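Below, chain A partners chain B and then partners chain C, in two separate complexes.
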Partner chain A sequence: MRYWLQRLGAALALLLAVSMLTFGAMNLLGDPLFNILGPAASDTSTEEGRQIIADAKAEYNLDEPLPVRYVKWGSAFVTGDFGVQFSVDGQPPVADLIKERLPRTLMLLIMAQLIAVTLAIPWALWSASRADSVVDKMSTATTFLFIALPNFALAVLIKYVLSIKFEIFPLIFNAADPFWTRVWQMVMPALTLGLPAAAVYQRLLRTDLITTLQEDFILTARAKGVSRRNVLFKHALRPSLFSFITIFGITTGALIGGALVVEQVFIIPGLGSAIVEAILREDFPVVLAIVMLVTAAFVVINVIVDLVYSLIDPRVRAS
Partner chain B sequence: MSDGVGVGPVGVEMAAGMEASAGGAVVGLSQDETTKRTLGIGFWISITWITVIVLAAALAPWLPLKDPDSNFIAAGERPPYSPNGTHWFGTDQDARDLFSRTIWGARISLTVGFVAIACGMVFGGLLGMIAGYFRGWWDRVISFVFVVFLSFPALVLAILITALLERSLRTISITLGILSIAPVGRVARATTISFADREFVLAARTLGASHRRIMIKELLPNVLIPMGALALLGMAVAVVAEGGLAFLGLSVEKGSTWGKMILTGAGSRDLQKAPWIAFAPIIVLFLTVLSLNFAGDRLRSYFDVRETAL
Partner chain C sequence: MRVEAGAVLLELDDLKTHFKTERGLVRAVDGVTLKLRRGESLGVVGESGSGKTVLSRSIMGLLPSTAVRHGSVRFAGQEIQGMSSKQMRHLWGAEMSMVFQNPLNSLNPLMKIGKQIVEPLKLHLGMDKDNARATAVQLLRDVRIPEAERRLNQYPHELSGGMRQRVMIAIALACGPTLLFADEPTTALDVTVQAQILDLINEQRRDRDMSVILVTHDLGVVAGHTDQIAVMYGGKLVEYAPTKILFADMKMPYTKSLMRSIPKMADPSHSRLATIPGRPPDLVNPPKGCNFAPRCAYAQDRCHVEEPPLTEAKDAGHVFACWYPVGSPEFERKDAELQEQGIMPADSAAVS
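Moving on, here comes the complex of A and B:
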């Protein structure tokens, strides 16, 4: 219990630190006034112009000192009021924008992880059961290639092969299409994120499986007449899943970063493209909301990893 | 043979890795296994490629290359031209020579990668060693800063800084440098901790050596070995990060970089008609990143360093 309270405290401190860092960096380096007012933002020649600027500053709290602005933003943020966009009309509100964009990014991430896990587990079992054979070495070399290939390069490659050479998948993502059509359109971006993740999982699982397969209980099971297949699936896989769960958490974090680029290449209007557009427009509330969301997701994933860990490994629970 | 470990040593290695990293593991290995540990041919191929590309990049102004910004428009034909005798990698839509642009692009891409990881090594290494040597509050504060930096996608921070500042070579390099502090620092910290209580450090302390002397003379040489392997991996990450930024339209504004070149050819129409525009830089980038990764990986297992220790 004490442990989980400490975890909670650390998570809150982390969110606070990240929000301060982002808020501080944006407010010190950027000037959002231009995006709110357009060219009028630099028009200080007339009394009227100066008044417009002063009004806008007051409306968006830009005339107040940085800490006050931070507290105002923060206290509204925790109640779920993410503010309005820093644009000429400020519409739609940030919360609505996120509600519209988030499902697409989630779909991309879920599909990518599904592809990665469903590929990696059988692949690892297959290679671990023929450890150090020629095919195993070739598969290890393949994982190395996938990990070294940058995601944007893989995206271009996948687009070229699957969409241009063999016209299997459509090039365009259309948010208005029915669900299954969108799933189909999302396969290429999901593959771009999923293949390297699969390679990471495969390498780790394979090493773990090989270690597990040398344990005495595996020998005992084999001696009692359990078939090779059953030993692999029922006895070896579970203890090998521990580090897999940790790496799953870490990879999810990495995939969120990768989604930024992949969404850009495949032109998917998700959170990734939303934050890129928002940063370029110096649309602070949108950037902050997305950064906080991503960080929170990151923290939650890590806590879940810990929880699952203590569920499947009683030794962790005891300590 | 690629892993260099047989059936037996896996468990030994794991156990050794848990207790101590770097030098600690070597003690546990028998004579037979020590002799088996070689860097391998792949390592030297990787190093050769890296050397070639670094030399080509460094010497680009003096090499007999075509001007990377000239338009070599041939009469009667519209660019892009496919690879041929004059243009080895072909040309892009503006009839600029891709071979020459790739070499010139290497200058910026590799500079970004090198400066970034150098920043990470110096500051991350310093902070990590301070945290790992003094422990206590130093460790808590520094580790927390590392966690903050590691807890949101690095690319988001990179976009933030590059979008708000001007996009010069210096800004991009320093931004990626700041981002590499935390990952490098964590390894430096873990390695320092694993050495801080060893006998030779204790001996130095008993002899009255100052903290500074212990850190520089005793700990630094040991921390540098795993960091060297990490530097190669980190450089690969930084080179890729530059490419990622380029795809978001946020890379170095002036001159060609590998990322920007790939982006030039990544449109569907160009991929269909002139795939070489994207694939020439992709192949060079891929080989470079692969070599850096592979060489770093081999070095790491050669010195038997475990990031996960602690």
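Moving on, here comes the complex of A and C:
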């Protein structure tokens, strides 16, 4: 219990620090007023122009010192009020943009991780049970290929092979299509993110499995007459999952970064393309909201990873 | 095929187990021939590196893929050398099972004890869940684990080392095997627990008419708990005899040295422990002649050139491989010389 309270405290502190850094950076590196009003921000020649500037400053609290603005933004943010987008006609709320974009990115990430995990576990078991054979060495070379290939290059390759050459998957993502059609359209982007992740998981899990297979309790299981297959699945797999689960949590963060590129290449209007556009426009309420979401997601996933540890290892539960 | 108590259960004929390594062929077991009757217990004794553990795993067929086996292993009248692990699987845990040295590592840390005991019961005897659980409780009681029902839902880390070794024994006994291998079963345990575990194995052997192969480096362990003793050196059997005869009349200078290296109560305190000088032989390039000759205080020229064959001693069932065994004129002359120089202790008291 105490441990989980500590975890919660650490998670909140992390969110606070990330929000301060991002908020500070966005406010110090650009001129918010210019971003809101455009060229009109420096037009003080007319009474009307000065009035517009004063109104904008009042509306966005720009006259207040930075810490006060941070607190005002922060307290609105936690109630779900993410503010309005800058430099867009009509200044729609940031929340609308997130609501529209988030599900697509989420779908991409979930599919990528599903592909990665369902590929990596059987692959690692297969490799570890014939460690150092020719096929294992070939599979190791394959993983290095996936890990070394930059994801835009892999994206182009996948597009070419699976869409242009064999016409299995459609090239275009259409947000208006029904759910299962969108899932089908998302397979290639998810593969682009998922294959390198699968390769990383496979390398790690294979190594841990090989170590576990040297353990005495594996010999005990064999001496009981358990089949090779069940030795792998029932005895060796679970004790080998720890580093895999850790890296799963960390990779989720990296995949969010990867999603930026993949969404661009496959033209998916997701959070990744939203943040890229927002940064270019210095639309910092949008940037802030997305950064906070991503950080929160990362923290939550890593707390889940800790929970999973204690689920698979009774010794962690006890301490 | 079930073997009657007292009939031959296991027969090894010139069993060889070699490992392919980068340095060359390691002759871990190099021509072992012996017989074991059902219900008998055999102690396999030797230093680390003598091949005793590999011998027991060779018989069982639990070897890494780098191992090459030759010779014959007959179990219950059936040749099992050369069987695939798929075929051996029906014997493992059912007809022959093994208890390992370190109970802290030999149980799956992430699996409840109950599940680990039930596993072979379901596998070999096809028991349903309730039946298997009831049998598991009975097995835990047999190996004298208190609060047996509660243990089924515990994990290995919740038990002491001695308790875990009892669980290992319960798992090994689960399907009523006729042959139990105990590979240094007490080495990792407290001295106070050691005797209990050995007595437990012995008691189960008698109750079940089971044969036991007890592998150990400690002659003291096998003294009270085996019918036969096989002394191994450099992958070979160097002396083999019924336990009482061996302790009364050991022929191999190596056996004698092992005996001398056990500290005795009668020794004055702070007296130096007797050791065997040198190291076990290189099993890739074994020495010419007798394997033990380079370390043997009694070795003569012939020992370095010609390998001694296993010869019968005066008692039935006692064989040894030595040109100048304990009691031979050459040995006695040399022993007197060494004692004069103070190199060898004057005792040669046998323990039985």
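Methods note: the second predicted complex is superposed on the first by the 310 of 319 C-alpha atoms of A that agree within 3 Å, B and C clash if a C-alpha of one lies under 4 Å from a C-alpha of the other, contacts with A are read in each partner's own complex, and residues count from 1 in each chain.
One rule holds for everything that comes next: contacts are C-beta pairs under 8 Å (C-beta built on N, C-alpha and C of every residue); 3 or more make two chains touch, one makes a residue touch a chain.
Just so it is clear, the model here is predicted, and its values are computed rather than measured.
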Superposition on chain A - do chain B and chain C clash or fit:
fit
Based on the superposed arrangement, let me know which partner A:Gly225 touches: chain B (first), chain C (second), both, or neither?
second
Is A:Leu5 in contact with chain B, with chain C, with both, or with neither (first, second, both, neither)?
neither
Could you look at A:Val134 and tell me whether it touches chain B, chain C, both or neither (first, second, both, neither)?
neither
Now for A:Val291: first (chain B), second (chain C), both, or neither, which partner does it touch?
first
Kindly classify A:Ile210 by the partners it touches after superposition: chain B alone (first), chain C alone (second), both, or neither?
first
According to the contact criterion defined above, which of chain B and chain C contacts more residues of chain A?
B
Going by the contact rule set out at the top, does A:Ala176 touch chain B (first), chain C (second), both, or neither?
neither
On the A-aligned overlay, A:Thr22 touches which partner chain: chain B = first, chain C = second, or both, or neither?
first
Look at the superposition and give the distance in whole angstrom between the closest pair of CA atoms, one from chain B and one from chain C.
9
The shared contact residues of chain A with chain B and chain C are none
Write out the stretch or stretches of chain A touching chain B in their complex.
13-14, 17-18, 21-22, 25-26, 29-30, 132, 137, 140-141, 144-145, 147-153, 155-157, 159-160, 163-164, 171, 207, 210-211, 214, 253-254, 256-257, 260-261, 264-265, 275-276, 279-280, 282, 287, 291, 294-295, 298-299
Give the list of chain A residues in touch with chain C in this complex.
215-217, 219-228, 235, 238-239, 312-315, 318
Contacts from chain C onto chain A in the complex sit at residues 60, 62, 85, 89-94, 97-98, 100-102, 105-111, 119-120, 123-124, 155, 157-158, 168, 171-172
Where on chain B does chain A make contact in their complex?
2-3, 7, 10-11, 14, 144, 147-148, 151-156, 159-161, 163-165, 236, 240, 243-244, 247-249, 259, 262-263, 265-266, 268, 271-272, 275, 278, 282, 285-286, 289-290, 293-294
